[in-house]
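Comments concern the structure below.
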């Protein structure tokens, strides 16, 4: 098996009230995830609000992460930007800063086809010396990585893994089947709520945003699947599904993106991990009434005393 | 009327075979548009393949444009990036370099709602001293600017114009009606093929990618509408519709984006304006057979001798 | 020119409070449209809520319409159903009842491609002796009739007209250009709000649901275009755009479909044309507060005394 | 547990070369499914091409099915039509003919909201004396049944089950969790390729079109899950995933709908169950080369001797 496996949360980036990154809180989040038993970390993914950060901030976040983690876990780094050149720029910087792998989406804004998308991944891979993980995220980039695209890139060695946030579990399953003979290739699901299913299909890991709130829960789920205890895995997954409802507390009032990551931040603040639930501008943050509803959910799953 | 009106093409950025910007050709394109009678220029829009250029290249393109134009026409500059902070960075740089206005899309990649989108425009406007033009481009950013969003921003003064590439002419019409009393507010259509309609509805200008190939045609169309000659406007528009078919010559083989701008570049090469039809990587370029088909179309509309 | 041209409203079907068709009111609507100067009638379209009526009710509506109209205007009849066989059944019945043409959409529910869609139209045409009009309505059937599909069917004689409710005015324009040499082929727009544009592009008519409320307004708009008075056409169109806002009065509370046709019915009730604003179940109807807002709009455009 | 559970295939309707229903072949299909160990049958679903059949044909198919099955298994019947009144008509006829339950989609063609959709289900339920199963099929009806809609209808007793073909496994999981205390309520997945996952989440059954080709495979998968053997379930599921590739053999040439059901029919013809692979008009059928590719797949999974 590859060194990339298991529970690999996308790390939330806490902010001060003025919108600057709160590095002391960020350090606490990293330690929380490591102490929680995670097997890797995904820095600068969508949950990290990567798309709102400029080059300098991204660079500092990577460097801070690598320094705090200090080799205890693999650190994979999102290098998310619409066009190939800038993605390459981010990827080189990430490698230089010590990233163990980079995560790359299909191009976005510009309309491209699967052939152009393949060339995009090949060019990024050709520019660096660390593995590339394809990030299938049609909800953000509005292109689905076709099964044949992913499998072709895997066979060429252009990508060493797939982070699948497409919600298309049937497609995930076919990619797993088709790449079974590709040495070291790994598939991780970006889902929080069908992780047991994905692992039972043969996925090698999970990248749950909700893992920021309850890493130990996802590690228990992972361990249950490893020892073949489907019933325990399901029970833990169902508990995490109840916890996941924090992402909808502010939906309607806020955008889906703000409501989701904002739900994580609000729960993390309540658990003492971070100082504020501030979101990157122009996203709004959860208000007091919504925070209380998050507290109720935390209590209902045992993360907060009743 | 605002100083922003009339035919304002988004300027194609010609490349050398190695993908670097070909500034001598770019200068020729700018002069071609100015000599063709255009009323303004839109630098670094989608047709300029802006999303593929890094900060330094964008900056050099703006500076080169401003220097060549030398105040002969207004230069409005696209400051396209997914998140607010980086858009502000681009906008400040554009202002510093001499842009007359900046063009801003809704946030993309991140999922936002109309409220967050409004705050995005407000923040950009607050950071600079030149006008902001809203760019409604759902095909790229996957968010439609609601009529109420555009009108509210116009009334606040957060935006001074709308470049409407949504294809939703009914919505455009309502925005024109709703902002009629907002001093200096302008609406330009991004369509190449229903420009006569948009102008007859009251639009103040047009931003046609095809104007790179035939600026004089769009200027004739504009002039016909100004003098109330709907029949002449329609005849010119129909001729331009035939010319516009160059954007589909490579469709199927290339992505829609590559086929469209690639069609412009191939025609411009044939007309002696630029040196190559190379597209920004990973986009493919039109091949020889496709170039011959473009030639036929150029001949059919009188841009090339039969 | 074909005998199918001009203002051809889709006729609203008024209901009694118990949901049964109110034929006396329906007769009044037909006379209102004829007296208003319309050039044809489209019976059993989307605005007629056709999809909710069973075979017997549809048949009675057709027969009633043909009898009341009594040859004063052409009556074209929507034969809307998901699959080909049943569409043929409806089409034969419509012909037998005296329809002058039938209106046919692409298949829906089942997923079909453009080839299968063409065969669908060909089979319907082959089964009857009256013209077929293609109804391009992607918002309901979730398939867009490609330009090449429409033009091919027109050239074959499988269809004699297009009712275009796609909102894609550029495509409409190309269809008009491509079929200019097809004898008697006509294109009508289904838009209420860009009718002047469509007619100036060369469309042969308009099928406005809003024409039920104000047929004379659309006839004035048509006449203005015929005599080349673009300014008068635009002024009338802008007035009708203000009236069209009745379709959004209940949006949010009701579905878009219910809010739109419900807005027409509420206005028609207020104008004394029909007895109730009841919608076909399970659609909801406009309430009292919404009806008052409709009244205000009617007053603002001069259809109701201030 | 409800009497509705287990493997409940949607029954393919074989046709003669002229497009008429081939009842002798249909009888063979029914017996094949019963002998294969299925636990129920879904007659007149999408796989049955229901939407192409008129009232009389539908009625004869139901009556034939009920007569052949003769109480050996529950027969649930799809009553698929766009509007409520006609659905009620079909539902009453199905009940009269001996159906054990009916399957109802959200309204389609007309645009409705979740409230109107709920009223649609309530009205159908109120008109008959047998259970209603909600069919969540956004790919055909272009409306997703919201989690809250399904759960509300389940709690009211308006529906007794959900056939989930939405592909949204996370949503399915929440519906299962939310209805766990609703006596006799059942959830069945319409997926062919993630059945093991759905059953491990707590789904009560599966409605696989591919079950027409290999009912015994799905029964083995079901049995493996029942006895807690996740590894055997996964192995059988992966074999069925390989078989499922028959649905894409003709994709590209035919529509997705024709390629999918056409793949089933072609395999069934090869296995001697039915006489032709003819599809309902205007859908095309698989050709000889495609049929040979289907044969290869059948051999690769052991359904045909090598």
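Here the chain labels run A, B, C and D in written order, and each chain numbers its own residues starting at 1.
Criterion: a contact is a pair of C-beta atoms (placed from the backbone, for glycine too) under 8 Å apart; a residue touches a chain by one contact, two chains touch by 3 or more.
Model, not experiment: these values are computed from the prediction.
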item	value
Length of the line joining the C-alpha centres of chain A and chain D, rounded to whole Å	35
Chain centre separation in whole Å, for chain D relative to chain B (CA means)	49
Sites on chain C at which at least two other chains make contact	none
Pairwise touch network: line, ring, star, complete, or other	ring
Pairs of chains, among all present, that meet the touch criterion	A-B, A-D, B-C, C-D
In the complex, chain C residues that touch chain B	167-170, 173-174, 177, 191, 193-194, 196-197, 200-202, 228, 230, 234, 238, 241-242
Of all residues in chain B, those that touch chain A in their complex	46, 49, 51-54, 80-86, 89, 107-113, 115-117, 119-120, 123, 139-142, 254-258, 280-284
